[in-house]
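In the two assemblies presented below, subunit A is common to both, partnered first by subunit B and then by subunit C.
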Partner chain A sequence: MTREEILKGLIEILENTPQVDSSKLKNVTEKTDFITDLEVPSTELINVIAKAESKFDVEFDDDDIDDLGSSVSGTIDLIEAAFKNQ
Partner chain B sequence: MNKVAIVGMDGVFPHCKDMQEFEEKLFSNQSLIRNWDLVASYDKKIRTKVAGYATPEETGFQKFSNGLPDEYPMDLEDISGQIPNVNLATSDLGSAWAMKASLGAIKDAGWTKEEIESEETGVVIGTGSGGQEGTRKVWNLFFEHGKKTRALGSSNVSRSMIYRDAANVSCLIKNKGVCEAIGSACATGLGSIGYAYRLIAFGLQDRVIAGGTEGTALETLIGFDAMQVLSTKFSPEESSRPYDKDRNGFVCSFGCGIVALENYDQAKARGANILGVIDGYFNNSDGDGDMFAPSFDGQQRLWTGLKKQTYINPDVVKAHGTSTATGDVVELFSIAAQLGKDGYHVSAPKSQFGHMLGAAGAVEVIVSLLMLKKQMVSPCLNSDNLKTELESFQTKDDWQGPKEPLAAYRNLLPQLALAKPINQIVCLNYGFGGTNSAMAISKD
Partner chain C sequence: MAIYTAREKDTHDHFGVFRGVDQIEAFGQASVVAGNAFISCVKKGISFSELYENYNFVFLTMGSAICKSFIKLGDTAIIHAHFDDYKFRQMISSGKVYKASKGFDLEKYYQDYTEEQFKNNIVPAEYMEVSEFNGLTGRGIKNNLI
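== the complex of A and B ==
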């Protein structure tokens, strides 16, 4: 799966998250930050990461999630790494 | 003690889209009870077939498809867009209803933003049951499907904690005063309003949003079905039949009732529309060690306590009247022991919409306020035949109550809505654990 396909999948998750303003999702790139740019509440970001595990059928390490931060690129890195570890 | 006024009300009611439809159906003698397809889908695993519930189309809240399979907890969406998604993210269905009804009651009250957000405004809302549907899904994901805790979602605590309804309403309206839940099983709704009344009467708050809510949950219904206390074998509209000799259980219902209480002098000074005045509130316990059975002695002490609070001369007694075999008789004999055989009427609104559990007392306060407004007694549907023989406990030496059978009190129970002058109503509710609550409400 390419980074573009992962990004597309993350945007689909955000589109199904009622707290996220859908108008903010038109220009999401790897440089976007979930919290500062998209105003995703931090409690909801936990759900986005958990939904990503379900959607991409991967499992993240707890320590990696603790160090993740809130950037889209970091999340794609994490998903890519999880694919490689499968 | 400050005098306390009720200046706003709203709710979510079975088979109704709003307060107006609720009022119209109540006083045109309609039943709000229906067969429930979800119950029917479990066939003989569930004894009862009927319930009181509102559909997503009626309540305006639907489950939001968040892209996860059905076994995951769902977010809610307010079709009207009135409740922001950030608030719905932390609420379950009952809390969402409480938020919607609180906004309705506040609109009725006409409070300003400054008043709502002040330290003198409180929220007291309770519910009868625990986390229910959401909690079941979360537990299943962890215990049965072996998911990590983060897969369960971050909202389970705020959606299942005991005072979730009060907390969600408080976060929505941003009051700075008291925010608590009262829990007393089926007396929760009246208990919450009673506690809110005391906060204002004792000078601790100027205004309080108060009530009870019970979100639709099959998980709740099956618990009572297991106890074999739910109505069976009657058509939906005939299934709730308080005091009738063929009654065989209550109808499990879901809904929400919220009222806006305010210091009477302040409400009067600003020209508020006063829906009713709370004359007094009293609550106690049976003290007999019995979790379930009603107590004549406990209810007699309840009346005595209420009479010490204020002058009691009701035109209507709004009874708990659940349609269970043991509850109804003890309650009616207890009322008659205090008030005699005539001069007042007994309203049994559960005959129309079933038993809304933690919401029941609050919704029935709203029914009482509607009775004051319309000057009509809501009916006791299906009380067709009252037993003409004595109850077995009436023949025992230690029985202190009335010595006549239920049929002797026929004239107290209007089978159709009845127009008459109504100045004072006594509201009664009881709950498991032997808890009893009584409130007297009057016209301004």
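== the complex of A and C ==
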């Protein structure tokens, strides 16, 4: 799966997240930050990551999430790494 | 379940009342902070003090709070908290705070208290419901990120 496909999948998750303003999702790139740019509440970000686990059929460790931050690129890195570890 | 008796330092400067905000703090500490830290200790196979060298467990936000009565200095708050969700060191709880009539033997009552009673929020007639909290959320955060 390419980084572009992962990005598209993340946007699909955000489209189904009520706390996210869908108009903000038109210009999401790897440089976007979930919290500062999309105003995703930090508590909801955990749910977005959990949904990503399910959508991409991967598994993250608690320790992975500790240092994840809130960038889209970091999340794509995490998903890519999880694919490699499968 | 947790039990806490309001002390002088808890009610100082607010007329001997353990306020709604104090109840939220007590509820959060007893549920999402303690529960979360316990799970992390078990998962990592380390002690509580070892865990706290690298992590702090904090109360972040909550859905709703309904305060129906109050707790005074010397009253015992009985906290019944249910865990709604847990993922990546983020825990959500909901539940109620009660107070019992004076002289009620809590230790004796809870000796035979069952999981089924807890799940169904069954409490004795001697209890008065003080508050109800929903969606209280806490998370374990690395010390270097705070």
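One rule holds in what follows: the second predicted complex is superposed on the first by the 86 of 86 C-alpha atoms of A that agree within 3 Å, B and C clash if a C-alpha of one lies under 4 Å from a C-alpha of the other, contacts with A are read in each partner's own complex, and residues count from 1 in each chain.
Following the convention adopted for this analysis, a residue touches a chain if its C-beta (ideal position, glycine included) is under 8 Å from a C-beta of that chain, and two chains touch if they have at least 3 such contacts.
Note that the structure is predicted; figures quoted are calculated from it, not measured.
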| item | value |
| --- | --- |
| Which of subunit B and subunit C A:65 touches, first, second, both or neither | both |
| Superposed model, subunit A: greater residue contact from subunit B or subunit C | B |
| Partner chain in contact with A:46 - subunit B first, subunit C second, else both or neither | both |
| Subunit B versus subunit C as contact partner of A:12, first or second or both or neither | first |
| Touching partner for A:55 - first (subunit B), second (subunit C), both, neither | first |
| Which of subunit B and subunit C A:4 touches, first, second, both or neither | neither |
| Set intersection of subunit A contacts, subunit C complex versus subunit B complex | 41, 43, 46-47, 49-50, 65 |
| Subunit B residues within the subunit A interface of the complex | 64-68, 75, 77, 85-86, 88-89, 148, 150-155 |
| For the subunit C and subunit A complex, residues of the former touching the latter | 40, 43, 60-61, 87-90, 137, 139, 141-142, 145 |
| Touching residues (chain side subunit A, partner subunit C) in the complex | 41-43, 46-47, 49-50, 60, 62, 65-67 |
| Subunit A - residues contacting subunit B, complex | 12-13, 16-19, 41, 43-44, 46-47, 49-51, 53-55, 59, 65 |
